[in-house]
Amino acid sequence: MTRNRLEAFSDGVVAILITIMVLELKVPHGTDAGALRPLLPVFLTYVLSFVNVGIYWNNHHHLLHTVDRVNGPILWANLHLLFWLSLIPFSTGWMGENHFAPLPTAVYGGVLLFSAIAYTILTVTIVKHHGAYSKLAAAVGRDRKGKLSLVMYAVAIPLAFVNEWISDALYIAVALIWLVPDRRIERLLAR
Amino acid sequence: MTRNRLEAFSDGVVAILITIMVLELKVPHGTDAGALRPLLPVFLTYVLSFVNVGIYWNNHHHLLHTVDRVNGPILWANLHLLFWLSLIPFSTGWMGENHFAPLPTAVYGGVLLFSAIAYTILTVTIVKHHGAYSKLAAAVGRDRKGKLSLVMYAVAIPLAFVNEWISDALYIAVALIWLVPDRRIERLLAR
Amino acid sequence: MTRNRLEAFSDGVVAILITIMVLELKVPHGTDAGALRPLLPVFLTYVLSFVNVGIYWNNHHHLLHTVDRVNGPILWANLHLLFWLSLIPFSTGWMGENHFAPLPTAVYGGVLLFSAIAYTILTVTIVKHHGAYSKLAAAVGRDRKGKLSLVMYAVAIPLAFVNEWISDALYIAVALIWLVPDRRIERLLAR
Amino acid sequence: MTRNRLEAFSDGVVAILITIMVLELKVPHGTDAGALRPLLPVFLTYVLSFVNVGIYWNNHHHLLHTVDRVNGPILWANLHLLFWLSLIPFSTGWMGENHFAPLPTAVYGGVLLFSAIAYTILTVTIVKHHGAYSKLAAAVGRDRKGKLSLVMYAVAIPLAFVNEWISDALYIAVALIWLVPDRRIERLLAR
C-alpha cells in the first residue's frame, strides 16, 4: 500500500514537471517560419530534458519495483530526488532561451548532477533498508552506468566555460547510455 | 502492477495537458461582450484539442486494457506518444491566437500527425510483445480508422497553404470519425 | 479496473483545476496591506470556486462509487463534465479581476449551469447503463437538489445584469445547499 | 476503495502545488552570475516551502494509513487542509520576491498556521469517526509536536513586524522539529 502511494506521488510530480517544461515553448506572435526559428534551441533543450526525465521515470519505476517496505528515510530520499528534478524545467528554460550560453549550460549540468546524486542516495537508502544481499542489491550491482554518468556530468560542468558544445555533447551522451538497450553497453562497461 | 503505473503516469500527463490548454484562454481585461470576441477562435481550438486529447485518452485506455506485460520498448513508445501529445497545447495556442493562419494550421496538423504515428508505433510495439495471434492483435485488426486518420492529416497539412478551412474541416472530420459510435463507420470502412 | 482509471483521470483533472485557480492570485509587487486589497475579490471568488469544485469532486466520488461497468457513453459524458469544469478557472479569474462586473458574473453562472447540466447527463447516462431499478437509480432518486441548482443558476444569469450581488448570493446559496449536511435540506425539499 | 481515492486526490493536489512553486523561479534574462543573484531569496523560500509541503505529505501519508472508513466530514476536512496548502505557492512567491519583507513574512506564517490548524481539524475529525480508543487515537497521542508548531507559528507572525529574521528562524525551526528523526525530539518534548 505504502509503496503504491510513493509511486503515485512521484509519478504525479514527474508528470507535472514533464508538462511544465512545455510552457517554456511560448506561443510566438508572428505566423511565418521566422517566428518559429528562435524557438528551435528551446525545443531542442525540451527534447533533451523530456528524455532525461523519461529516463528517471523509467529507472525509478524499476527501482521501486523491487522495494518491499518503505520507511521515513526512503520517503525523504525520494522527495530529495524530486526536489532536484523539479529544477530541471527552470534550468532547461534558462539554457534554451539563451542559446546554450556557458553559465546556463553549466547550471543545467549541475541540476542533472545533483539529480543523479539524489538518485544514488535513494538507491543506497533502499538497499540499506532491504539488506546487502537482497533482490535489489543484486539488481543494482556495481552501478557502473550510474557512476559513469556522475563523472561525465562533473566533467561537463567546468567544460561549459571552455566550449559549451562539449558539455551539450556529454549531456546527450549520458542520455544515450541510458536509452540504448542495455546489453552492449553493459558488456562495454564490463570490459 | 507495472501496467497500472504506466496507465497512471499517462493519465497524469494527459490530465495536465488538457488543463494546460485552458491557460491559453487568458482572462480578458474588458468586461463587455467585445472583450470575449477575440477569445472565440482560441475557445474553438480549445474544444477541438480537448476532443482530440479525449479521443487519445479513450483509445489509450482500451489499448492498455488488453496488455498483459510491459517492457522497455513499450515504456518508451508510450513516452514518445506523450511527447507529441505534449506539443498539442503549444500548437493549439498558436493556431487559436492567430485565427487559423496557414502555418500555425499546418503545424497543428503536423503535431496531430506525429501523435497518430506515435500511437501506431505504440500499438505495433505492444502487438509485437504479445504475439500476432494475441487478443490485442485481433482487437486492433487492420486498423482502418488509424490509417485513414494518418492519410487525412498528411493531406490536410499542405492544404493549409491553399485554404486553411479545408485543413480545419479535415481535422474536425478525423475527430468525428473517432467520436461517432463505431458500427456505421466500421461498415462504411469495411465496404 | 476500468472504473478506477476513470476515477483516477477525473481526480487528476480536478486536482489540477483546483490548483490552476490559485495562479490567478498573482504575487503583488508592493509589500504593504494596500498591495493585498485588490486581491480580495480574486481571493473570494477563489474560495467560492474551490468550494464548488470540491462539491463536484465529492459528488463525483459518490456517484462513481455505485458504478459497476463503464462504457463509451459514460467515458464521454465524464469528459464532457470535465470540459465545463475546466472553464471554471477562466470564469473565476474574469469575475474576480473585474470585481464582480455584470457580464463576467453572468458568464461565471453560465459555466456553473453547464457544469450542472453535464453532471446531470453523466448521472442519467450511468443510470441508463445500470437499469432503472439499480442501486444507483435508487440512490439518485428524484434528484431534487440537482434540479433546484439548475433552476437557481438559470435565474441567476439574467439577474447579473439587474444586480450582480443577487447572482452572487444565488451562487453562494447553491454551494450552501450542497455543503450543509443533507438531512434538514432533504426534509425541507421533501415538503 | 474510498480511502485510496482520498489519498490519490490529495497526492495529486500536493504534487501540483510542489511544482507550481517552481514556476516562481522565473527564467532570468541575463546569462551571468549576476542574473541568478536576485533569484537567491526566491530559491531559499522555495526550499523551505518544498520541505514544509513534503512534511505535510509525509504526515498525511501516515495519518490516512490508519483510517478505515471515510465520511463526508473527513472529505471536507481534507479539502479544507488542501485549501490552505494551496495558498503556500502564493505566499512563498510574495515572501521570496520581496526578500523577506515584514508583511509577506507574516502572511507566509499565517498560511502555515492555518494549514497546521486545518491538519489538526482533520486529525480530530478522523479520531472522532474512529473512536477515542482506536489505533489512530493511540498513534496521535497528545500531539505535542503539532501543538508546539501551532504556538511557534502564532508567535512568529507578530514578530515579523519586529524583526523578520526571528520569524524566518521560527519557520525553519518548526520544519526541523518535523524533519529530524522522532526519538530525541519525542523524549525532549516528553520531559
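A few remarks follow.
For reference, chains read A, B, C and D in written order, and residue numbers begin at 1 within each chain.
Note that in this section a contact is a pair of C-beta atoms (placed from the backbone, for glycine too) under 8 Å apart; a residue touches a chain by one contact, two chains touch by 3 or more.
Every value quoted in this text rests on a predicted model; they were computed, and no experiment measured them.
Most remote chain with respect to chain A, judged by CA-atom centres, is C.
Shared residue numbers account for under half of those found at the interface formed by chain B and chain C, and the copies are therefore classed as meeting with different residues. One simple way to say how far apart two chains are is to compare their mean CA positions; for chain B and chain D this gives 39 Å.
Centre-to-centre spacing of chain A and chain D amounts to 27 Å, using the average Cα coordinate of each chain.
Annotation for chain D: residues touching 2 or more other chains are 8, 12, 16.
Contacts from chain A toward chain B in the complex involve residues 7-8, 11-12, 14-16, 18-19, 22-23, 25, 27-28, 31-33, 36, 47, 50, 54, 57-58, 61, 65, 179, 181. The part of chain B that touches chain A in the complex is made up of residues 1-2, 5, 8-9, 12-13, 16-17, 20, 24, 72, 75-76, 79, 82-83, 86-87, 89-90, 93-94, 97-98, 101-104, 107.
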